[in-house]
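Both complexes shown next keep subunit A, but they swap its partner, so subunit B is in the first and subunit C is in the second.
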Partner chain A sequence: MTWNWPYVAQIMPALLAGVWETFLVTVACAVIAIGGGLVLAVVSSLAGRPGRLAVRGVVELLRGVPILVVLYFGYYALPQLGVTLSAFFVGVLVLGVIYAAYCSEVYRGALLSIPAGTHDACAALGLSTVVTWRKVLIPLAVRRSVPALVNYVLVLYRQSAFLFAIGVPVLLARAQVAGDQSFRYLEPYTLTGVLYLTLNLPFVYLLHRHEARHAHIAV
Partner chain B sequence: MRQLFPYLPALWNALGITVLIATLSILGAALTSVALGILRAARNSPARRVSAGTVEILRGASAIIYLFWIYYALPAVPGAPRLSPFAASVLVLSLTGGAYGAEIVRGGIQAVPHSQLDACHALGLSRRHTVLRVMLPQALSQIVPAFSSLAADMMKWTVIVSFVGVQDVFYVANTARAVTNRTVAIYLLLVVIYWLLCSCTSLIFRGIEYALPLSKARRASQAPSRSFSSTSATREPAVES
Partner chain C sequence: MPTSPSSGISAVAAIQFANVSKSFGANSVLTGLDLSVAAGERLTLIGPSGSGKTTVLRLAMMLDRPTAGDIRLFGESIVKGPGGKPRRAREAARLRRRCGMVFQQFNLFPHMTVLQNLTLAPRTVLRLSAEESEQRALDHLRMVGLEDKRTAYPGQLSGGQQQRIAIARTLALRPDILLLDEITSSLDPELVGEVLEVVRRIAQETDITFLIVTHEMRFARQVSDRVAMFDSGRIIEEGSPELIFSEPRCERTKSFLRSVLDH
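And now, the complex of A and B:
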């Protein structure tokens, strides 16, 4: 069996629709992960010992279990518990929440790297807790976290392929459908691999270059 | 929960498959990491570029994309082998794990200060002695802790093998779920299983770390631990769970 161009032309629209779906999933997950991660990090710094331990427990749990286990749990168990969501929402929610746990660690590290003098300065200026966090600590922590967060968005883009398992029509799912319909797997899977790579590598390159350029600056 | 009892023997066997795949993949990844990592740190620039390219490509897409390609698409290429699900799984996990490990190995090698090589040269140590007695022990004490967390991640990556029909613990658990409909219990059980597997992996690596020459030397001297340089071999946060 060799490469068949007419077949490629026939399946390309479906694959490109899969690229678009992958893009939507990635953006939606990134919003949940980046926003939710910040909330988790701020809550665990502001809450007392019990709150901090609870957040740590959830974060460790989410990071310690394969994504697919959480994904299937969301897809099969939530309806039994009385929550019915579409596969797209389950997928986005699960992936977003898992990476919120990863992102919260990034923010936590950034918050810890803010010198104690900054807290003292805010106290000396008589800033309220809300203003200290909203105007000083969170902006500083977010600025320091950007490269790691961008990296996680790229990871999310790659991991979104897993959503094929619950039937979200991401790129990998489109390839699977095309292959199963025609019993030709070479073209769909090769194109899928090439598409995943070519859409990812430029961003990876830019991120690496940014990191190399700013490596010497203590961000 | 009682409905799940008949499935426990099958789950136990499947756990063996998961552990086997993970062990072989982690060993394969260690070999791949060393090979790619040494090339990555090489002075020869074509070798470095080839290795860097391989690492970026292997990390550039999810392991499941490569698994599907090797399993479904590769046999259609004239002259290419048709791998069994098991072999394809171990191959893909070893290569993708090795791509992440290569950065760890490179970081470990580069964390040994260049001045030490100069010192070895000045002392007239042979190249073999320099590498085996000076560089390797120091590099390993950076590499092993970072590789430990990669190995724990790889334990979680093994779930993808169920999609090409390897009957690992995730595969059997899903079958049990489809028959018994005890969804919550099954997935909670899986959470516990994978958490235990990751913890065991970390423990094993803790043991390896304890047995490293530099750890022994540190214990012998009772000196407080110190790092060699700020460029430690910690992985960039590209961890995929």
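And now, the complex of A and C:
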């Protein structure tokens, strides 16, 4: 089998539509993961022991079950309980919430790494709990978490391929459909790999830019 | 400058420790401490590391709670409220506002510019307007000689500059009492002078009450009205700087001063 350029031109629009869908899924999941993770970490830090244990339990549950199992549960089992959601919504919610659990661990580590002296300074200045968290602890924790969070977004972006399993037309799904229709799999999957790899680069660039811009801020 | 006895009630005491003890688990740091600092007085605590000096400052700043005893700021207990119940958080915060503390490690907020470090508390605690808090911040930056660093981040400054910013940040809240916890211990020797000079100037130009913990004996001698020697969680000797540094009575004070001054 040889590489077929006319076929590449023919399937490219569908693959690019898949890239857009993948991008949307990744952004939506990242918003849930990064925002939800922060909420989980802050609640875990502020809540007493029962609250901390509850958050810990949720995090362990989400990290301990394979993504596909949760996806199938959300898409196939929930309707039998009377809750029917679109494949896109289920996929984004499942990936977002699972990665929120991972991100919460990143934030938790970052919060723990903030020196005790910073807490003392906040108390000595008389800052309220809200101001302490909003202006000092959360910004510091987020800055310290950025490299790890970007890595998780990259993983999310690759793992968005799982959503193919419930019919979300992400890039992998488009490649599969193209292949099944023509029985040519070389071009769709090669291009899919190249596109996934290429789309990684903006994230890597953003990470380097963040590190360069904040190099003088020793957080 | 008024001096006050180390125990007993004083009507004008800015800070008063009455039979205060503090333990961390089985480790007893302070035992039955009686200490009084008159309003406007400058008291320096000296003594070996681990003798409980920093704990005194942390208790006065309410960063730690005493295991027993009472602490009063200008006559009001920061430990007990009316009826002997523990102080409510809001009341404690109001009392704490009269104290400011400068730390050994500066503890500036690294993600904020110098100006943001100085305006955060005046804006959110004192509820000053943006203009007022900025003006106040600039006044204090001028006082510590760092007005031109307002847009810098702490990581771009030397240790001495960071400590001067930390002093300005504390002063921006206009405290009645300034607690200085070994503020030169983290600095390179050549940066110590600039920080101490700033403190000397503040001591001369204001009537703030100072409670200082330091290992800089020359500075302690110059700036203090009274010096107290700490050992094993209690004061073993106190008096005027001349008395403590020239004619110490206790053997422990003599040996401590010898070891510090020989360095």
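General remarks:
One rule holds in what follows: the second predicted complex is superposed on the first by the 200 of 219 C-alpha atoms of A that agree within 3 Å, B and C clash if a C-alpha of one lies under 4 Å from a C-alpha of the other, contacts with A are read in each partner's own complex, and residues count from 1 in each chain.
One rule holds in what follows: contacts are C-beta pairs under 8 Å (C-beta built on N, C-alpha and C of every residue); 3 or more make two chains touch, one makes a residue touch a chain.
Everything numeric here is computed off the predicted structure, so don't read it as measured data.
With subunit A as the common reference, subunit B sits beside subunit C without any clash.
Contacts of A:165 after superposition: subunit B is touched, whereas subunit C is not reached.
When the two complexes are overlaid on their common chain A, residue A:197 makes contact with subunit B while staying clear of subunit C.
Computed from Cα centres after superposition, the angle at subunit A between subunit B and subunit C reads 100 degrees (steps of 10).
When the two complexes are superposed, the chain touching more residues of subunit A, out of subunit B and subunit C, is B. Once the two complexes are laid over each other on the shared chain, residue contacts for A:155 go to subunit B alone; subunit C is not touched. In the superposition on chain A, contact is made by A:61 with subunit B only, not with subunit C.
When both complexes are overlaid on chain A, the residue A:127 reaches subunit C alone and has no touch with subunit B. With chain A used as the common frame, subunit B approaches subunit C to a shortest CA-CA distance of 23 Å. Note for the complex: subunit B touches subunit A at residues 56-57, 59-62, 64-66, 68-69, 72-73, 76-78, 156-160, 163, 170, 174, 177, 183-184, 187, 190-191, 194-195, 198, 236-241.
Every residue of subunit A that touches subunit C in the complex is listed here, in rising order: 115, 117-118, 120-121, 123-128, 131, 135-136, 139-140, 143, 216-219.
In the complex of the two chains, the subunit A residues touching subunit B come out as 1-2, 61, 63-69, 72-73, 76-77, 80-81, 98, 102, 106, 148, 151-152, 154-155, 158-159, 161-162, 165, 172, 175-176, 179, 184-186, 188-190, 192-193, 196-197, 200-201, 204.
Residues 58, 61-63, 93, 96-97, 99-101, 103, 105, 107-111, 120-121, 124-125, 153-156, 169-170, 173 of subunit C touch subunit A in their complex.
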